[in-house]
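Presented sequentially are two complexes of chain A, the first with chain B as partner and the second with chain C.
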Partner chain A sequence: MTDASTTTAFRLVRRLAAIGHQNPSLYLLICDATALSLIQADLAAELEVQLGVGLRALAAAEIRPERLAHAFTGAGERATLVSFNHWLPKLVSALDRNIVLLTTAGAVLLLMTQEIAERMLATAPNLRSRLTDVLTIKADLAFGSDHA
Partner chain B sequence: MGTDSKPGTVVFDRRQVYRPFLERLNPIGSPNADLIIPRSHDPRNSGEPPIHVAFANAAELSRGMQMALVGGIGSGKTTELLLTQKVLSRHSDAVNVSVDLSEFTDLNEINTGAILATAGMRLYSKLLLRLKKSGEDLPDDVKPAHAKLRELALGTTKWVTDEPVEFEDEDPNMVRVEVPGLMRLRFPALRRKVAEVQELFLIIAAPLLEADAQITLLIDGLDRLIRPEIFREFAEQDLQAIKGTKITVIMVAPLLLWYDKSRFLQDYFDLVKHIPAAAAGPEDSTFLSNILERRGALDLMDRSQVDSIAKYSGGVLRDLLTLARSAAEYAYRDDEDRIGRPHVTAAIAQLGNRYLVGLGNSHKRLIRNLLENYAFDVDNSTARELLVNRQVLEYFSGGRESFAVHPALAKVLPKSA
Partner chain C sequence: MSGDGDLLRLARERDNQMEAALGAMYLESPAMLGRNLRNYLSRQVDRGRMKHTDEKIPRLLAGGNDEKGLQKLVCNAWEFASDAGLSFEIVGQEQRGWLIRRFEFHLRLPSSRTIRMVRIELNTQSSHDPLKVPRCHFHIGDSEAHIPFPIMDPRLILHLICEHVEPDLARKRHHAGDRKIRRTNSPPQRSSTTRQPQGHGLQRRDGEVVCGAAPCQRRLTAQTYNYIQ
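After this line comes the complex of A and B, so read on.
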């Protein structure tokens, strides 16, 4: 699809450090389907090491669209990661219409495959508009040791 | 300059260079934070006062008016509402109720009555504050009306007799029954008659109306419904319920209503204002640059970078802030103490690529046609998608409406679409 910049968990968390993980930021992260859990583990580790904060990991399929407020309430103390392993149009529509709930929840990371990202960006204009950045994320080892 | 953590030396923390700037780039600042640059006039007419002044004047002089504000995503609608509220607060009898509806109710489904119920509960809080200040008592009928309204809106938990159940600490003759609320906050809602909510709302508002207060409801969030017909269903009954009272409503509406042939917007509302993207002319360019300067951009980048960000934002205020923020993050990533041209260029490409995502061949054909022939048919459904997604921006200058491809998108668009 696009020339989204490539990053790693290390680099992304470094960016979060610049703004502070409790300040609102919303990243759409693209990765291979097989790397979802590995990326999640990388992010959790980097957040702990660099910022000393935990990662609140949510599976998108388990979030009920009518309970978005519940899912994101009080999330500011930790970074929140929502992993999409398949396309969820109702949830994406709910996120789009109720986007302010995500923009007050500190750092929120939406992790998904390229295909899901393309569909989300095409169908959720409010969400797209509020994104801090769209990045392709690779596992640290796969990307090499460039921690610059 | 790198980080130096040797004992006895001053530790340089680059985060402190960028973090204050990034925090000031939070898209919605408080009007009291002195970060907002108000427009000097109506964006569609330089001879008219700015939108927030027009709204405030209308609310002050003609109580009960219903006004709508339309504009694309990120065009600054919420900022105008905040500024309107600030202007309205100049009068001591002003009671301003400002809500972003999606913070209170689930916008996924039509929720007739939710606007009225939310406004009623917020109005109750304002009433209590005013009465506390003046030392007056709450009229007898207001508290029960509020309790009933809350019950309708948020739902309640009732205990009713039923077959014995095995709860250890509870009456075995009672069973728990959840009564869903109108606002679908957590549970599926029952449909309620708006008239019932209206009656309760007016009981709560009565002490303020009798005191001749200037009540204004400022309602944000419904523009995110995108589709005009959903907005109409959502908003129409609630607004009708307030018509005829002296309560003013200012509501944000989806951009597509502006182009809707039904003319609902123009026919229904007493005053409609539209925020187009800020044009690339010198006056608007200064306006855009000033927004960044107020947030400290010149401490971290040269004026040429500020101008470049302003240009490639296309006049979309949220994109203006996003570009500045991305550029700062790129500079931080590169261990630079200032934002340079490569960082701004990378930020523009990043924004452009984001707009490129999801464009099909039909979208690209329309974009090419607009770029090469300056032709854009807003009645075309694909064209409207481009408008909603901000890949095409609407401008208004010299009394004429025009359309242009978002400059960040135009910059990354493949040569052969």
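After this line comes the complex of A and C, so read on.
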């Protein structure tokens, strides 16, 4: 896979602010497995500070493939984050078949490890072609001690 | 005029009011305050008021050996487009919520300016002589005076510095007319208010004389206008 450029929650949310967080955008975010919760906390904080909106955080393992529409509708003002802790082929296949649900839900962020990202990009061509960007995301160093 | 004892009592009462205001000013957390300040400074960069965005500023650090249990937000240097520099340090302490313990905002102005520095400080404790050193005060230029300053949220202080203090003190180069006026003791020359202003980029708009040199558009009084003419 091509090396993804590196970002932080601060920079990513500034980007969302520039394009408008309610405009459709779909980001695949890669991070270390140990940093998933830190990144989620950073994103929630930056969305609140920079845009004054909440983060709708979904665990991929809890999304039922047959009820995707339920998961992605009604995001409203909030940005949506889907965190993948492990590879879920049925869910990824369903996302690929129903990609329009993700591209009409405002800002959607898919957060996962490098390994899951590579498998997703290889097996979900519709999703791959709709991605706004693929980025490696790091925890915010300036406020690192706040995560404790 | 009251005696020294009365003045000291009044100064202590003023510091007690500062203490009470500080005790009522809770922060969500130092990290959230840091994110808010960083976002504010980045917006100043977007507006061309400051030079660069640095996402590692301010930085959240644990207090040193003498400040255990405290957290501090540190900004070593943030540069304005005018070449003025801003640094600050805010120290918070958790006591059933986060409270500000002390802070210092230091605005360093360009060397071409008459006033070289403005510093707003909240000391950790009240001074033994609050008449001379109020707990929250500011310094301006080379003055040794500690001028009382109201307790307010650090976000408001940053806003005050960025939107009012720095623009007023660091960017006045095109107001040569103002400086010229201060040096002369001659009385104002009354002239017709319908005459169009000459020089200094002055323009008449809606009955007021304004400086046309962007970005200031500073309004001048009719008396100042007459002096310049």
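In the analysis below, the second predicted complex is superposed on the first by the 139 of 148 C-alpha atoms of A that agree within 3 Å, B and C clash if a C-alpha of one lies under 4 Å from a C-alpha of the other, contacts with A are read in each partner's own complex, and residues count from 1 in each chain.
Everything below uses one rule, namely that contacts are C-beta pairs under 8 Å (C-beta built on N, C-alpha and C of every residue); 3 or more make two chains touch, one makes a residue touch a chain.
Given the structure is predicted, the values throughout are model-derived calculations rather than measurements.
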Touched partner set for A:Thr132, first chain B, second chain C, both or neither: first
Which superposed partner A:Arg78 touches (first chain B, second chain C, both, neither): neither
Chain A residues touched - chain C or chain B, whichever exceeds: B
Contacts of A:His21 with chain B and chain C, given as first, second, both or neither: neither
Contacts of A:Gln50 with chain B and chain C, given as first, second, both or neither: second
First, second, both or neither for A:Arg11, with chain B first and chain C second: both
Chain A residues contacted in one complex by chain B, in the other by chain C: 11, 14
Chain B residues touching chain A - in the complex, by the definition given at the top: 14-15, 18-19, 22-23, 26-27, 73-74, 100, 102-103, 106-108, 184-188, 221, 224-226, 318, 322, 325-326, 328-329, 332-333, 335, 346, 349-350, 353-354, 356-358, 388-390, 412
Contacting residues of chain C [partner chain A, same complex]: 29-32, 34-36, 38-39, 42, 55-62, 71
Contacting residues of chain A [partner chain B, same complex]: 1-5, 11, 14-15, 17-20, 23-24, 65-70, 90, 93-94, 96-101, 117-119, 121-123, 125-126, 128-134, 148
Chain C contact footprint on chain A (complex, rising order): 8, 10-11, 14, 45-46, 49-50, 140-146
